[in-house]
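Which chain is which? They are A, B, C, D and E, in the order written, and residues in each are numbered from 1.
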Amino acid sequence: MPELFPLSPVHYVAAPLLAAFLLPLVAKLSRSFIKILPGLTFLYVLYVSAVLYPQALQAPIIEQIAGWAPPLGINLYYGPMAGLFASLFSALGFIVWLYSLTQMKQEPLDRFYILLMMLVAGATGMVLTGDIFNLFVFMEITAISAYSLTAFLREDDKAEAGFKYILIGSLASAFVLLGIAILYSYTGTLNLADLALNMDKVPLSVRVIVFGLFLVGFGIEAEIFPLNGWAPDAYSAAPAPVSALFAGITVKAALYALARVTILLFPFAGSMALISILGLVTLVISELAALHQKNLFRMLAYSSMGQVGLAIAALGLFTAEGVYAALFAMINHAIVKGMLFLTVFAMAGGSATLDGLNGMGRKKPILSLLFTLGAFAIIGLPPFSGFWSKLSVLTAMGQTGNYAMIAIVLATTIVEAAYFLRATGRLYLSEGNPAEGKTPLSAIAALAVLAAGILWIGFFPGSIDETLTAGAQDLLDTAKYTEGVLKD
Amino acid sequence: MKKLLAAFLLGFIGYYLYTAFAGVPFGENKMEVGKDYLETTVPKTGAVNTVTSIVVNYRGFDTLGEVTVLFLAATGLGAILFGMKGKPEDKHREPSSILTTGAKALFPIIVLLGAYIFIHGHLTPGGGFQGGTIIATGVLILILGIKSFHANHALLSVMESLAGITFVVAGILGLAFGKNFLENILPLGTPGQVLSAGIIPIIYIAVGFKVGAELAGVLDTLMSTTRGEE
Amino acid sequence: MIYYIASIAVMLIGLYAVLVKKNLIKIVIGLSLMDAGTHLLLVAIGFIKGGTAPIFSEPGLTADAMVDPVPQALVLTAIVIGLAVTAVALALVIRIYAQHKTLDIRKISSLKW
Amino acid sequence: MNIMTIIGMLLTSLGALFLLLGAIGIVRMPDMYTRMQAGTKATTLGAMSFILGIGFMEPAWLIKTILIVVFIALSNPISSHALARAAHRSGIFPLSRENIDLYKKDNQEDKS
Amino acid sequence: MDTFYYILGGILLLALVIAAFRFFQGPTAPDRIVALDAMSIILTAGLAMLALVFHRFIYIDVALIYAILGFMGIVSIARWMEKGI
């Protein structure tokens, strides 16, 4: 088998695609296949990760699709950073699948799983690809599955949230396409590495314009401040497993795209400072907004934007430590926020308010414990993963001498602590209505995996140190990237 | 007020886009990659139509993504509109018998033309997407012309799945033969013949069936949510 | 040059419709106008004076006398993506209409911004 | 300049003339149905003979041009019929002194 | 031969412009659609002529496709106007 099908990064996209096309067929044979097939796919993709990622840490794997050398064909770049993200996405996808096995009951289930798989596959493709137009295509795959999933539930206001998202999302895609058109018209190539070498053909003023277009385009997907009006609605409208994926996957993929494009094509100081400032603004505004939310999903959505803002602020430093910290924050956020969304849904259902948490500590002790764990991890209390990620962010900011940034981050941490501790307090200190229903084992198992991840990173932060360092170097070392892609 | 603000924003965006394109000479040869495509397409891919060879071969991964986007749109449409039916009270006027007869007569012609377009995708300015759209047009005229016509969704989804699987398997076969994903494994043949260009016609035929089935499904889904049945 | 200006204008008209119009269908039309403008722009970039379609269907055609094929391939992809987005947007409009019996965004409270 | 080319040139000229006449008729005719008379019949004949003429001028293309001609011959009457019916049903009636509207008489069920 | 093409093209363009006049002026929607129908037929002929002028056989396909799409567009609008869909 390994000889017949040599593993390559393209399996990350091809396997989910094959499964998605197969799903309507096997659904006719037996309904139970609908649920099993996505899990098998995610398992296979995880296996691919397990084989390929150690190799990528040694040397990046570069695959040329259809056998054409890069300026002509599309290539996949599977370096340490892309590998990290691809593995993370597949793991999250698997966990969300495990969770939705029992928690997701809304028909049509076959379509739900197809969209779920393609959301993950599209985001993975965005991370892997080395071609800017291909990036656009994968961004659209992710976005269209996200639009459909946002309006998947049938209750009121879901379609409106989806429509808002689709409006802003197609604005984003139009801007990215325009940026690609401008770049192509000046350089005549679409490959990212080739573009990076040919950027001197583009006048500086035009480069600024293109950077603005890409910033708006990817920033909309990455929830950067003035462009994130869709996010709270979409998060609270989508089914909870999907919200977990939005926070964990779509945002991360867009951020990766933004970072990769910025570092390769627009490596001037202003762009990086701008990104950093936008991140800080996002952080402050969304944490303050989260304080006022009654709906738990909206609260988590705003908190999610804040965390992304933190990661962007660290990313904008564009030092090795900064990128390291940003990566750490993104991984931490993907795991913890995913867990929080899933826990809240299991605990209080799709339209959870703060009051819905009252007295849950006694009725659903395991879920409450998990929520508390997640809340502490997000705030950044010491023994959990969040502490180390925040610490690394602060260290990176301190090293570049941005003490004002440190102050802002610390201040927002207090705000964050205020609303998360308030929610946690509701769990244990308030009396509430009796809640009925038991949480199925598969959901608990999915949550336990995430909790184990939080604790593992919390107690052994050194264990992911190597991967993060490699990822940060991979992102920053543009010369290695272009040489690797264009070597022949 | 809102209009003024919008106009200001438009002026802003328009001005900067204009400055961005002011440096791009119109109608001059500024090809970099394009030249290589034009020069290598006939000897290396066997396809006569350069656009087709770019779409299916050089940048075939884009097309895989594109097919997926369309598939997702059909899937998402079904998910969003699941269970929605037109109400019996908004009954619609029946088509005239001339239109019904005409639709039945024209349907096979249009489908044949669609098939012609996507089979000759590597020779003429056609291709899978264009041909598939024509086939969906054929289904549209049945929807328009025949009273309470419904497409066979089971058949459409089987067609769609099989075509999609063909595309992915054609890609994976490249891997299985020790080459790259989507790489050509068939002989190139004589350029200009129908049976040439390796896997390009196979992929484009699959794409044609897939696009036709998907668009027909989309049209039928949209139509059945608004059309009242008695 | 006029081609660039015209296609940018088409795009901006679409953007204007998206920003200002109150009718959901008109907003969706604006979205597809934006897409159309971008596609026109891409095709205009690829044009070369005296070039013909990049199809070597008859003997005697050489690569020098052809337009750039890449933007055409990109536009093919972009059109399909635009179509998909429009289809999903229209489906959402149908859902909204079934719920509120109106297409006016001023009457749909959750769509105001 | 052989005989085929000359036939082709004649046919294309005739076709272009009919297309032009049809277009003029659309502007000059007094009401919607008479405009449709000009706009569909004349242009159908015009397009058919124009495209057939092209087929005669390039004999290698004859089969495909005949295909287009057949398609236009089949499809155009259907579309103009559908259009006329739609116009009638959306409340537009012929403009004439005697007010002859046989379609309305035959189809009493749509009084719109 | 070129003069002949120019004259033909001129006539077609003139016809297109005249029909477009009715399209913009037409008092009712069906008037506009009649004009649109005529314009699409004239354009089909025009596309066929472009194939002749450029001597590319493959452009004939474009005319064929345009004929189909124009027809479908008119029928769709017509069916919508009589409240048939």
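Assume contacts are C-beta pairs under 8 Å (C-beta built on N, C-alpha and C of every residue); 3 or more make two chains touch, one makes a residue touch a chain.
Since the model is a prediction, treat every value here as computed from it, not as a measurement.
Chains making contact with chain C as well as with chain D: B, E. Steps from chain A to chain E, taking the shortest chain of touch contacts, total 2. For the pair chain C and chain E, chains touching both partners: B. Chain pairs B-E and D-E differ in how many C-beta pairs are in contact, and the one with more is D-E. Taking the mean Cα position of each chain as its centre, A sits at the greatest distance from chain D. Averaged Cα coordinates give chain A a centre that lies 58 Å from the centre of chain D. Once the centre of each chain is set as its mean CA position, chain A and chain C turn out to be 28 Å apart. Chain A and chain B have Cα centroids separated by 30 Å. The distance from the centre of chain B to the centre of chain C, each centre being the mean of the chain's C-alpha atoms, comes to 15 Å. Counting partner chains per residue, chain C shows two or more touched chains at residues 11, 15, 41, 45, 53, 55, 57, 70, 77, 81, 84-85, 88, 92, 95.
Along chain D, residues 71, 75, 78, 82, 85, 89 each make contact with two or more other chains. Residue positions of chain E with contacts to 2 or more other chains are 57-59, 61, 64, 68, 75, 79, 82-84. Here the touching chains pair up as A-B, A-C, B-C, B-D, B-E, C-E, D-E. Across the complex, chain E is touched by residues 52-53, 55, 57-58 of chain C. Residues of chain E touching chain D in their complex: 4, 8, 11-12, 14-16, 18-19, 21-22, 28-31, 33-35, 37-38, 41-42, 44-45, 48-49, 51-52, 55, 57, 60-61, 63-64, 67-68, 71, 74-75, 77-84. Touching chain E in their complex are the following residues of chain D: 9, 12-13, 15-17, 19-20, 22-24, 26-27, 32, 35-36, 39-40, 43-44, 46-47, 50-51, 54, 57-58, 60-61, 64-65, 67-68, 71-72, 75-76, 78-80, 82-83, 85-87, 89-90, 92. Contacts from chain B toward chain D in the complex involve residues 93, 95-96, 98-99, 102-103, 105-106, 109. Residue ranges on chain C touching chain B, taken from their complex, read 1, 3-5, 8-9, 11-12, 15-16, 19-20, 41, 44-49, 53-57, 63, 66, 68-70, 72-73, 76-77, 79-81, 83-85, 87-88, 90-92, 94-95, 98.
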